[in-house]
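Next come two complexes built around chain A: one with chain B, the other with chain C.
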Partner chain A sequence: MTSSATTFANQRSVSFGFALLIVVLYIFLLAPLVAIVGSSFTQSLLIEFPPKGLSLRWYVEFFSRHDLVSGLIMSLRIGMITAIVTTVIAVMAGLAGRTLRGRLSGWFQVGMALPLLVPELLTAVGLLFFLYEIDLGKTVVGLQMGHILMSFPYAYVSISAALRQVPSSLEEASASMGATGWQTFRLVILPLVMPGVAMGAIFAFINSFDLYTISLLLKPLGGNTLPLALFDFLTYEFKPTAAAAATISIVLSLIGVALVQKLVGLQRAF
Partner chain B sequence: MATVEVTGLQKRYQDFLALDGVSLKAKTGQLISLLGPSGCGKSTTLRCLAGFLEPNGGDILVDGESIVSTPANRRGFGVVFQDYALFPHMTVAENVGYGLRLKRLPKGEIATRVYDVMKLVRLDGLDRRLPKEISGGQQQRVALARALVLQPRLLLLDEPLANLDARLRDEVRWLIRDVQQQSGITAFYVTHDQSEAMAMSDMVAVMKAGRVAQFATPREIYQKPTERYVADFTGEANFLPVSQVTGTGEGSYRIVVAGTDLEVTGVPDIPIGWDAELLLRPESLSLVAPDAGTFRGRVTKSAFLGAALHCEITLDDGDVLRLAADPNEQVSAEGKVGVAIDRSHAWLMPKVAP
Partner chain C sequence: MTRLSRFRILLALPAVGLIFVFMILPITNMVDMSFRTTGTTGPFGDAYTLGHYNRILGDGYYWGVLLRSLVTAAMVTLLCLIVSYPIAWHLSKARGTKAVVLYACIASPLMTGVLVRNFGWMIIVALNGPLNEVLLAFGIIERPLRLLFTQGLVILALVHVFIPFMVLPINNALRNISPTLTEAAASMGATRLDILRDVILPLSFPGIYPGVILVYVLAVAAYVTPALLGGQMVSYMPTLIISELTGTFQWPLGSAMAIVLSLSSLGVVILFTAMTWKMMERSRA
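Then we have the complex of A and B:
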């Protein structure tokens, strides 16, 4: 748009149209969030927007309900373990993928993204059979494995992109100065890809926090993740407690994004 | 401080033979240039030396011992990369001290050695900067310092000046040569710039499609090339077709060139009947009166370049010679001129090495 050929007036109308598009897009993305957050503060007994009066009663209600709180705790725990495990695996896979050349490298990328390409329901059903086969059906470990599988591509995409930014000459330089592979990884590669790793971990966490279908099929007996607990809850009651729960999820996501910002901002390089 | 002997080195990328029997020899303290056009295998050779690539054949001996199965991190060679390969998240001092830190030397010793080497390459005062906060020439010197601080047995440089502008290039080039000579480190230096190779090296290996076309001193490479490819790559050159080549002793020949009989020296043992040419560097030719000199012709082009007058002379039989004449020489497009040759600088060589 900065091309000297375009006239000033032209640029203005183009950027105005573009700005309008952005605004519409944001309204479209943010309106549901505003509605749900707003209605969580209502005093009335129904989810409604704009809220009638202001109160925190639905938050109190949320934290006093055992089923919802234990769902939240389960989701947080599974999300954190998912974030850690997928990040470690994705770093290793990224390092491996980086050494491949040509067509093999392309296939490797596709392979790593496979959980995104196969419908979640199919993966879930397949995994359910598999987990029963190895005696992990309907257990927390099984559910955890499902979450790791489904969240892996998000971590991988972010981390492998960061790894590709590191020129291989840095590794060679490090080796030429006597570093072992591990030293090169710890002192050179890891610090440089840390923002991408943090981003990958948070993507994986948010994705895991959000998973529904796979959790529904793999959940342990008597255990629920927050989305499942909420769905059960909404089946019988249509109270703003659900809006409060959703708001808590949004806040958690925002904390994640802020963390990434901070981590990326702290990096001296790139 | 090491002797290096590379014998019959081969490297294959999938089905492409990038190195096809490279052989070189470096004495202690020598700087060897690998010279050739892009894609001829210079970097591949250097990367085999560094240990980043595993050759498919041949051997590399350092101080008489084969190193091909030693991993890069145990070879103890310093490597300077074309893109510098500085660690962007470390300060200049941390970059330079990286190898010492890996050796777990005491902090104080690291600091003194880093300080000394930074002074050597004139980087004093920049220790706390990040690589992105210093200029290209300074980055290049950090890369050099980082390799030198470990007192490597062998210094490997891959086009270290390629990303610098002309003025800096000169400065860093002499710095590299000075430091290399002072410390007596054996060095391999990859470049595609013939003047750089000539000016800096003890020996030059001119590479051609994965082979060494000639391995000799800069003087020999320039004056006594083994084939046209080498002569072409090492400076301005005239090539005249010759006929009736008869050997008159080891490396001396009687030939007929542009209708004139000449006694010249040349590459020894050119096979009888092999396509040969006479190399005449522009500076071995001079303009003389039409009836003096070895050849006669007309000046068909001339360009005043200040220090010299570049002329193109078409000989009577159609061959073309380029030479640098005195800038005040009066040349006319129509008049006949004679061309005298300095026969000690005429060199007979095969068009393609047998």
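Then we have the complex of A and C:
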């Protein structure tokens, strides 16, 4: 009786301890984001968490800073182009990948994920020399190519997973009724895989928006992406403007998370 | 193969071209670059030499930096595994709305840039920041700790960066474990600890393995975190490589360093795979 009561009490305290541990770990996981968002609304001149008072002055300050705003615009533009280009070529590659079987298919998947599997630093250093040799060194086009390369696997993984869900019998049925390859793709396959394609585009955009190392090495003359501008800002003037800039980036990623949940569900996406 | 599917395979051309031209060619080119002589007029010379590798491997300073990078990454990976396992375990049990909320809590940091998350730590560990205030309030410390620009903070921030990379594969492996297995073990008198050690841990290895490899390889080559939070006192291999490339324009030496770093981390991955081969076999059986 006594011993079973102690076991019960022990088990209770073990599960309570575990629950506490989980709470602490999630606080650890979310703390940096909360600290940034919180301190961006401060009234004081220092980056402080919890913020002193509430104001939007640092957002006003952010939008009056030419270097940060032009970084934001550059990041948004490069991210959009990256999302469009990677999505189109990932859909094409995914359609090609569907026709492969067995071992070949496995190697194809690995090949398409290469930019993700090789450290960014190595790819970035290689690209720095290569772009210099083909006269694209320190140009926006060069940086754009780097972003497309690094973000391609994210688009490909989502899109090819969606394409694999489409049974090939649907295509055969469509073809047997006289549809051309393009018609089958446009009217049968694409509507079915649209959520996966949209998710691939979101992942590619967000990955591009967040890239740092490759942008640093391929930085075009006189141009900065938002992360590069933010790093410089943090090094030279540590003001709440930086928190406002970082909050904009966090809001974008939260929108991304919400969209992914809506499109395919987070559990299936990760 | 029908004519149609032969045409279909051509659709892969843009993607294959992208990866070949902008990744495989440049990295091959970089290997070539690492054997070039130091340039007098440009960033590299025309002749070939083994000099850069001799210089890196013959110099205690470079060995020290390389070793620091490899050991730091190993510590980051181990801590990340310890922290991520309970999160993955808890996540794998969650269903419905709770699961969605937890996934969102893990995906949000994942989809936020490394630089932004590192900046968050700068706010938290600042001298008058929330961490010091909490520690002071509880009387754990008497005066604020100086944590910014320390190696400990670099490790902490890297662990934070890589948690989702570890949690997600382990969570997927745990979700694949059939509950009948643990029930069977429990009915045969195994304690919770026995089940964790003999059933759950080996069966979650297919998730632990990719998580560990991914985190290690990424941690070895991580640049932003040591550059932002490590300060000027301590060098890591990636920060040294980038300063050689962009500061002093020593392209051949920088390439050789990047290759030495990549080969060393590949060596560690192979070593880890060999050491855990038995465990992987067991989990397959």
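By our rule, the second predicted complex is superposed on the first by the 229 of 270 C-alpha atoms of A that agree within 3 Å, B and C clash if a C-alpha of one lies under 4 Å from a C-alpha of the other, contacts with A are read in each partner's own complex, and residues count from 1 in each chain.
What we mean here is this: a contact is a pair of C-beta atoms (placed from the backbone, for glycine too) under 8 Å apart; a residue touches a chain by one contact, two chains touch by 3 or more.
None of the values given here were measured: they were computed from a predicted structure.
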Joint occupancy of chain A by chain B and chain C, clash or fit: fit
Taking the superposition on A as described, I'd like to know which of chain B and chain C A:22 touches: first, second, both or neither. second
In the overlay, answer first, second, both or neither for which of chain B and chain C A:180 touches. first
With both structures fitted on chain A, tell me whether chain B or chain C touches more of chain A's residues. C
Taking the superposition as given, does A:172 touch the first partner, chain B, the second, chain C, both, or neither? first
With the two structures laid over each other on chain A, which partner does A:82 touch: chain B (first), chain C (second), both, or neither? neither
When the two structures are overlaid on chain A, which partner does A:129 contact: first (chain B), second (chain C), both, or neither? second
Is A:188 touching the first partner chain B, the second partner chain C, both, or neither of them? first
Chain B versus chain C as contact partner of A:225, first or second or both or neither: neither
Tell me the contact category for A:158 with respect to chain B and chain C: first, second, both or neither. neither
Answer with first, second, both or neither: which of chain B and chain C does A:144 touch in the superposed model? neither
In whole Å, how close do chain B and chain C get at the C-alpha level once superposed? 6
Could you pull out which residues of chain A sit against chain B in one structure and against chain C in the other? 175, 267, 269-270
Per the touch rule, the chain B residues reaching chain A in their complex are 50-52, 71-79, 81, 83, 85-89, 98-99, 102-103, 130, 132, 146-147, 150
Where on chain C is chain A touching in the complex? 1, 4-5, 7-16, 18-19, 22-30, 33, 43, 83, 86-87, 90, 99-100, 103-109, 111-124, 126, 128-130, 160, 163, 168, 217-218, 220-221, 223-224, 227-228, 238, 241-242, 245-246, 251, 254-255, 258, 261-262, 265
Touch list for chain A against partner chain B, complex: 167, 169-170, 172-180, 183, 187-188, 191-192, 267-270
Which bits of chain A are touching chain C when the two form their complex? 18, 21-22, 25-26, 28-36, 39, 47-50, 88-90, 92-93, 95-100, 108, 111-112, 114-115, 117-123, 125-130, 132-133, 145-146, 148-149, 152, 156, 175, 181, 206, 209-213, 216-217, 227, 230-231, 234, 238, 242-243, 246, 249-250, 253-254, 256-257, 260-261, 265-267, 269-270
